Amino acid sequence: MRRYGRRAPYATEFIIGILLLGTSAVQGEALSGPAPVTQVVAIDKPNDSGGSVLIRWKRSADDGAGMMSVKGYEILRSVEREKGYEHLTVVPAGVEEYVDNTTVDGTSYFYIIGATDGVHRTDSDPVGPVMSSAQWFHQGRLNMLIATVLLSGLVLWFINRAKKGKKLYIRPIAGLQAVDEAVGRATEMGRPVLYVPGIQDMDNIQTIAGIVILGRVAERTAQYGTPLIVPTSRSLVMTAAQETVKEAYLNVGRPDAYNPDLIRYLTDDQFGYAAGVDGMMVREKPAAIFYMGAFYAESLILAETGHSTGAIQIAGTAMPAQLPFFVTACDYTLIGEELFAASAYLSKEPLLLGSLKGQDWGKAIFIAILLLGSILASFGHYFLSDWLTTGSL
Amino acid sequence: MSIFERLTRIDRRIIFCTVALAVIIPLLRPIGFPVSVSPSVKKLYDAIEALPPGSRVLMSFDYDPSTMPEVYPMNFSIAKHCFKRGLKVYGMALWATGVSLGQDALEKAAKQYDKAYGVDYINLGFKAGGIVVISAMAENVVETFPEDYAGRSVGQFPVMKGVRNFDDFDLIVDFSAGDPGVIQWIMIAYGRYGKKVGAGCTAVSAPAFYPYLNAGQLVGLLGGMKGAAEYEKLMDYMGTATAGMDAQSVVHALIVFYVLFGNAMYLVERRRSRRNRL
Amino acid sequence: MRHQIPLIITFVAGITMIVQYFVPHEPFAALSQQFRIWFLIIATFAMILGVGNIIKIHVERISRARPGWGYSVILLAGLATTAISGIGWGIQPGTIFFYLFWNLLIPLGSTMFALLAFFITSAAYRAFRARTAEATLLLAAAIIVMLSRVPVGTYLWDRFPIVGNWIMDYPNTAGQRAIMIGIALGVVSASLRIILGIERTYMGAGK
């Protein structure tokens, strides 16, 4: 272990340093600097795209204990063991890990960790050589890979079965059975249908699910000749909704009934959008209102206003925090996964229904693993729950 | 329609008027109910207490004016706590509207502890893209935020010395009112980089984050004005959240009263109609 | 062809995003980031479509003097004032935009959010009825949690916060997790349908 004090380039401190060094034999080691760090290791940071080295150490005996003198740890790096060490950074006391993100893959590096009290520094022995490199597989995500392959395999297998004409039973979902009733009611009353596809953009899977259901609802409104109003809070959602509704009207042979002006962009602002949609509900008095997509705090503001207008309301979201509000204020609510199942359910297409069956089997497997993991953990065996934890490194 | 039936259907406007009164009166004449601290709030407080002075805390201001009454007091209290502990604070926003709200909280908190902009704290400003921004700054902070909120190069500020990527932050606190927010920070900062993430969010979204808190993916959670008031109590001062707790208390009590009253009327009416059928 | 190209793009982008999760090596890490940046660029340009749509609809409403056309004038004036002041003079303290943000947007946004207090009360009053045993259980849990979240609850009974926290930590977490697991599976299934081109309604590709 090498130990030496490094002094700042000031004359007085230099003299004090000399004095301190000179008296260290009498006064004890604290005056020559804090105790060094121990067990220093430097490894190629695992599971990354290269360019980084992970250095770990056990903190100095004077860090938070002993002389309590450690203010931080200085990280030094060189490409040679004996010389040429350059200062990288200083990390605060208490820290026992540092990631050097500035390495060049294929180059060997040596590291020294210096425990410093602000005046003196006690260095560790150099560790190395260590070389950074990129990995082709993230070891910590093996469990996720198995889960993905298993689930995707099940979904694809059931889709394949459906392709071969195998009949699949799907349980009835009240909210989806009511879609026809809601559109029919709006037609009878001569009032429009309002469709709210959430407040998120097209990169959110819930918005995509909402637009997919919109396509199915638009087919019904086109058949019945009922106006369909779609206010959106994102420009891309407006464009996607216009395309989807246009296509739905075309599919049922009513392209003439399609009015793009009814699918309009309001604002990206959450409550500005809520105010805008509330205004539409009060002015246009729709007989049926659909909320399908990702919603936040505006959910109850929308659903309560809709309720006060007397409209039949069907909601669907995968936002757990908003579900209670929709359940309270709407006639039917699609809870979580039902939102994603809605399109398959409404279309009755075997391929889509097959994917639902695969999803259900996946759920059964996860329930079994959950039960097994809980039982094992209850008896003090954590290997399953540990293995299922996704590694961050 | 019987009197009970009529009572079960009180006009919304009457309910609204009583709620308004229940908010306004305690605000004008505070009652001073005591605030108790919940474990989720204490955890975040302890996480900040455990950081050695000089540690770096990244704060993301992902909220907007509408949620300011709930989220701003937490933002201010936690900034205050960081400055009190001598930590360095790095602000940023995934919501454009969060920049000036966060800056206001940082400035006010810094003033109380004589902390200087650029030396003890910085506001990196807004960047559109949510999860993309988090992923990008995880690898390189300066490349993602080359300028601060006022368009000045971040390189000129001493507080940015040694800050390169997520490895250089000791704690991340997200003040969130929706999306992008807590989930994205957990996914990237915790999930991919193993960083400690704490959160302050609106009361309405808090229940959804409890699973993450219990799983250790969040180091602490402040939910709504109550969470903010609890943090104010831990910091031993009376802020806007504590002041608002009286109003919130009375409104909660009023809602409980309405629910119980509605059920009492409902049960009486049900019994009456059963008896009539017999 | 009109539908084939978007389907190919969806397939390639989807598979790349899955692969990059498991492969830290370049080019996958950079590719996924690139895709996200491209989405941002597209979404930003799409703003032009959105604003164009607003202007088109409201100008038409004003020119045809449809009912409520006065509001359209206010909307367009607000849009122009905010955009011009922000682009022209910046958003720093002391600018017109800053003034509008703090004195118009903040109070308006807070007002809309505050409506929740009123709506929650009316919705809770209307919907929380002890019709069944399960509903009664839900009702009791709701009352306990509501009282545990505010100081008045502690004032009434000092154990309200403990019971409330227990409900939030255990039954609530269990329920939330169950819903989240279901959602996650639903997302995987829906994503697969989209990536494989089985579900194509969202791009106007219908049946």
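Observations on the structure shown:
Going by the order they are written in, the chains are A, B and C; count residues from 1 in each one.
Here is the rule we go by: contacts are C-beta pairs under 8 Å (C-beta built on N, C-alpha and C of every residue); 3 or more make two chains touch, one makes a residue touch a chain.
Not measured: the values here are computed from a predicted model.
Among the remaining chains, those touching subunit A as well as subunit C are B. Contact counts per chain pair peak at A-C.
Separating the centre of subunit B from that of subunit C, both taken as means of CA atoms, is a distance of 17 Å. Subunit B has its Cα centroid 19 Å from the Cα centroid of subunit A. Taken residue by residue, subunit B touches two or more other chains at 12, 64, 66-67, 204, 207-208, whereas all remaining positions touch fewer.
Touching of two or more other chains is recorded for residues 105, 108-109, 112-113, 116, 120, 122, 124, 126, 128, 176, 180 of subunit C. Contact with two or more other chains is made by residues 269-271, 297, 320 of subunit A. On the side of subunit C, the complex with subunit B involves touching residues 33, 36-37, 40, 44, 91-93, 98, 101-102, 105-110, 112-113, 116-118, 120-122, 124-126, 128-130, 139, 142-143, 146-147, 149-155, 158, 161, 165, 168-169, 172-173, 176-177, 180.
Only residues 47-50, 134-138, 141, 144-145, 148, 151-152, 155-156, 159, 201-203, 205, 208-209, 211-212, 215-216, 234-236, 238-240, 243-244, 246-248, 250-251, 261, 264-266, 268-272, 274-275, 283, 297-298, 300-301, 303-304, 307, 318, 320, 323, 325, 328-329, 335-341, 343-344, 347, 349, 351-352, 355-356, 358-359, 362-363, 366 of subunit A touch subunit C when the two sit together in their complex.
Listing the residues of subunit B that touch subunit C in their complex gives 10, 12, 15-16, 19-20, 23, 33-36, 38-39, 64-69, 97, 100, 128-129, 131-132, 135-136, 150, 203-204, 207-208, 210-211, 214, 224, 226, 245-246, 248-256, 258-260, 262-263, 266-267. Put simply, subunit C touches subunit A in their complex at residues 18, 21-26, 29, 39, 42-43, 46-51, 53-54, 57, 60, 68, 105, 108-109, 112-113, 115-116, 119-120, 122-124, 126-128, 176, 179-183, 185-194, 198-199, 201-207.
Within the complex formed with subunit B, the residues of subunit A that make contact are 72, 89-90, 92-95, 98-99, 101-102, 200, 204, 269-271, 294, 296-297, 308, 319-321, 390, 392-393.
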